[in-house]
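Everything below concerns the one structure shown next.
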Amino acid sequence: MKLKIINPNTTASMTAKIGECARAAAGPGVTVDATSPRQGPPAIESHADAALAVPGVLEEIAAGEAEGYDGYVIACFGDPGLKAARELARGPVVGIAEAAMRTAAYLGRGFSVVTTLSRTVGQAQDLVDEYGVSRSCLGIHACEIPVLALETDPQARAIIQQACKDALASDGSDAIVLGCAGMADLCHDLSADLGVSVVDGVAAATVAVEGLVRMRLSTGKLREFALPRSGR
Amino acid sequence: MKLKIINPNTTASMTAKIGECARAAAGPGVTVDATSPRQGPPAIESHADAALAVPGVLEEIAAGEAEGYDGYVIACFGDPGLKAARELARGPVVGIAEAAMRTAAYLGRGFSVVTTLSRTVGQAQDLVDEYGVSRSCLGIHACEIPVLALETDPQARAIIQQACKDALASDGSDAIVLGCAGMADLCHDLSADLGVSVVDGVAAATVAVEGLVRMRLSTGKLREFALPRSGR
Amino acid sequence: MKLKIINPNTTASMTAKIGECARAAAGPGVTVDATSPRQGPPAIESHADAALAVPGVLEEIAAGEAEGYDGYVIACFGDPGLKAARELARGPVVGIAEAAMRTAAYLGRGFSVVTTLSRTVGQAQDLVDEYGVSRSCLGIHACEIPVLALETDPQARAIIQQACKDALASDGSDAIVLGCAGMADLCHDLSADLGVSVVDGVAAATVAVEGLVRMRLSTGKLREFALPRSGR
Amino acid sequence: MKLKIINPNTTASMTAKIGECARAAAGPGVTVDATSPRQGPPAIESHADAALAVPGVLEEIAAGEAEGYDGYVIACFGDPGLKAARELARGPVVGIAEAAMRTAAYLGRGFSVVTTLSRTVGQAQDLVDEYGVSRSCLGIHACEIPVLALETDPQARAIIQQACKDALASDGSDAIVLGCAGMADLCHDLSADLGVSVVDGVAAATVAVEGLVRMRLSTGKLREFALPRSGR
Amino acid sequence: MKLKIINPNTTASMTAKIGECARAAAGPGVTVDATSPRQGPPAIESHADAALAVPGVLEEIAAGEAEGYDGYVIACFGDPGLKAARELARGPVVGIAEAAMRTAAYLGRGFSVVTTLSRTVGQAQDLVDEYGVSRSCLGIHACEIPVLALETDPQARAIIQQACKDALASDGSDAIVLGCAGMADLCHDLSADLGVSVVDGVAAATVAVEGLVRMRLSTGKLREFALPRSGR
Amino acid sequence: MKLKIINPNTTASMTAKIGECARAAAGPGVTVDATSPRQGPPAIESHADAALAVPGVLEEIAAGEAEGYDGYVIACFGDPGLKAARELARGPVVGIAEAAMRTAAYLGRGFSVVTTLSRTVGQAQDLVDEYGVSRSCLGIHACEIPVLALETDPQARAIIQQACKDALASDGSDAIVLGCAGMADLCHDLSADLGVSVVDGVAAATVAVEGLVRMRLSTGKLREFALPRSGR
């Protein structure tokens, strides 16, 4: 089984980190490759950023189809281009927001999302509604750390950990969902420190798409998600 | 007042038609210019088409800001790039789906949408949910005419008229919403033939954005829809 | 085009103010007349007040039909008698609560309503649900100023302004909706002071009904909103 | 215990029938008086009819307060004036639509409403949403018999019975709710013929308000439903 | 009329108290017997407790059918086994949570639930959603008193009263719903002290099932709630 | 990793089939044991059946904790006892209905459920609502084959296949969810015949719990799902 993890932004260090976390989550015998578009925004922190990242994501899907991948992960918490990617791919495509939130729904009454900038909270709320987890999602909390500062700000981890603690207390939640692919490497340490399950979407989506491929399940291709007439 | 109507597809004849319909709807003293992106899909009939049209739409917004437009219409029934456009523009931006559906909500218990291909029905349903008109939208009906065939198929109007009649009967609706900018020119004739109000989103969005500008109302720019840090 | 703005309460000074605000919002060539019922409550601050105002509103609609008006606005934030008015009028009828809330929905993620007495908040919440703006309406805030005191209390404007500031901060909203026709004249000053869009329903409804008439759209008259058998 | 059943229309024969059905449902020791407003529409078949009936309903409530009634029923399936009546009365007020629908919710997965004219279906749907029974209400069916024809049309009962049968089959429902006070006398015969529970709102509301009075429960009078400042 | 009130836990003193409260609420001529299962948990404070109590509840229903009861109340605020009981009984079965919440919905804009342990709040929220009272239920508050301590802790009543006061203030509610059958005896005193209606589910369910029997209404037995093939 | 798959009914042949399907879905290195309660109903076709099966399910969980299992699957489409099981287990517990429905949500716009008897459809609808997949679940269809007849009726597979075809056509769905653990072995053949993804909950839940264990995610044990005071 060969999975392609697409980081929609063009920051190579983040792509490498995402690849590591995805490989750590994958089962034995699964090949996991992480890539990012040739061009596009270096970080996705607005609706415009997300929109401008999508054409590159779709190029990666199209290339992946030629390369023979069995399934795909879109590794940005806004799940940019997810429906379009499902049109273009034969195999399953999973976004990290949907996987993280659906996975967290197995863990109790509800979860809190801890994300980067407050301007992205609305987008996360839209996804909560779209994915049907509004009863499970008890709060979305921004820690006001820009995406790329996750890698450079020495205080980032402490700030995120405090935001998680505050979220657990105010929301009465059973688990934390990390609201950015750039937080993937913090997952296990945060979980140990907080004493609750912390869901990283990169791992959750990798595990989900691996499971779909193993069960031979894929996007319905006879209707809305058929290959577009415009081909590609 | 100067409004820019953006046809997200690159078919010039459709842009011209949209411009005419928008001008016919605008009030006295309002300048209405219709444009389309320099490149992108010639018709938008899939999630991938919509995604690939958005960067061109955003370029038109950015250019419009330099050109001094007071407000914008995105003239494709999927409202592609609407939120990103709101980040980039100082003045209001209105999509034709949201304007058509909110306008139709003033006309009675509910409306039926008549659109082009059935593969776009899911996207229209998503917008119904997002715009809060699920109680008002009583049905979404595809007539299986591709977007560009609206201009070339001599039977298109008859097929659409029949789809409207069927929708009114099956949904028990008070009005029809036309689900494609390419149907804008059919609006008044259909209304006369059917005996009910028929809402064209191009007109509805032009009237809506003109009203917003007149009332000096615009997108909140202090939070989610602030100009992105990535500028443009 | 001739529009009739009906103030459901019988306070003439408020009717005059509403008329001024509606005329200021209307486009060129539109005649705007403001009236109020011959008898009924002087202010609408309860369900009973609203109920007792409706027969007078319907008389004004019936008279308006004889007088040849093209459309109507019901200028009280509870939209009293709106559905009944739609049965009686040939042209469109718009309430200021529905117009204000649907207009504010174009302006970003969400809005806050600032209204008069807390006992009216439940009614406003009912309208939020009915008009499908529950995702957009982020809060409803009472400033505990009775309707008629809006015209006499020298501190009214300062209290309202503070309530708007508090609402914006607590709700994280992009715009303010004024929850009483009696606040219409404060709209532009408040907007300037607060730095966000402030939506006055009188203006929003006048603009909306003008747009409907211009687009030749009106209430569906074949079903629920047909003229009642009891005529009038 | 003394209960007042208010028939919002002015048709005396219907008031008499409603009184009989209410008395048959009341427990031992409960006095039940049925009245109707001095003036107003003879039947309620539109939003305008309902609106014009409300002032008379409120007069009956005000009179009832002077007469010392412990509780009230509003006996029209649109529950006209219910919230305003709750402001004016010290004791509980129950509408027959809310009582019928909440009572039917105890009887299984769901119920079907069978009502008079199709133009009233929208109003019934609004009440379903307001009363929180949208999961239980599986369908609303009109039999196109005007309210007053229920008493004069010899075929009325047969038509209603067939409409009930059709509703049970198409909705897969567990019970029928009769959607008009004028059908109250048909309840037990229909139930016997159909073999399912048939809920008459007049009985259900009488039983509900009797229960509330017996438990000493009444409308909260400290907030939204306090006596209006305008008194009466 | 003969009603059976089933206390799903096995604590005899609580069964006795429940029986007294039910008898106090029942009308003249109604026989009310209170029982509890022969074995099962002494208190129900978790999902597991509730699950383990259900077989005993169903045995009581089956015995009740042989004994000729006309209707049943399940007297635990989680309504354990309610749907299964409806399959087994010919007459109506009412849970105290559904009865309390539907009854409280007649009393104004909304109510607050005051319950025992915070770990049961999620279960109460599930019932709020299932019974369609999410607009009416304005808050669920735990006072952290275990079920059996309601009978032994001398401070229990004071703590509950304070929790009710806090709930009324924070939720802006019109009534209180007591979230445990073990609080039934506090109902009238709390109401007197708080000055608002306080709904005890034991009384509310007894009154509701008495009303259903009087109106000859019962569970639909032709579909989902037919006697199971496995009989019993 | 050691997983325990609990068949809540006591039919050994079905337990064996479930075990085979779970093992086929599990990844390398995962031990999968299938068990069923010592006593309880042989098939679960009613609310009462489900309720009576739960104590046995909980005994299996408690035994599993002593035996050192890492996670559990409850293999009946009603997910009986799921929340109680989460209280008793340290590791994750997944029901086959929730896993099947959440997994199918990755596959397109929506899915259809094909289940056994129509009397179970209501229960499936309740789970759809609880799990937040009401937008994705486009229909629930009974084929009227009792659970145990799945193993003995030679026409069962043909009837199910036809029900799937009908469901796909009427619902316009992208995938099928099999609504009974007893259909698990039909999954791959049905998928091949129908040309769409067919989701078996036994496989989906096994894959889901394996993924949760691999990611070290489990039920939050600090609140609602803490081990009950009553221990076990």
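A, B, C, D, E and F label the chains in the order they appear, each numbered from 1.
Methods note: contacts are C-beta pairs under 8 Å (C-beta built on N, C-alpha and C of every residue); 3 or more make two chains touch, one makes a residue touch a chain.
Protein names from UniProt, one per chain: A, B, C, D, E, F = Aspartate/glutamate racemase family protein.
The structure displayed is predicted, hence computed values, not measured ones.
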item	value
C-D, B-C or A-B - pair sharing over half of the D-E contact pairs	B-C
B-C or E-F - the one linked by more C-beta pairs in contact	B-C
Chain A-chain C separation of Cα centroids, rounded to whole Å	44
Chain A-chain F separation of Cα centroids, rounded to whole Å	27
Shared-contact residues (touching 2 or more other chains) in chain C	86, 109, 122, 129-130, 135, 223-225
Contacting residues of chain D [partner chain E, same complex]	25, 27-29, 86, 92, 94, 98, 102-103, 105-109, 130-136, 172-175, 188, 191, 195-197, 199-200, 203-204, 207-208, 210-212, 214-220, 222-225
Chain D partner contacts - residues on chain C that touch it in the complex	41, 43, 45-52, 54-55, 58, 81, 83-84, 86-88, 118-119, 121-123, 126, 129-130, 146, 223-226, 228-230, 232
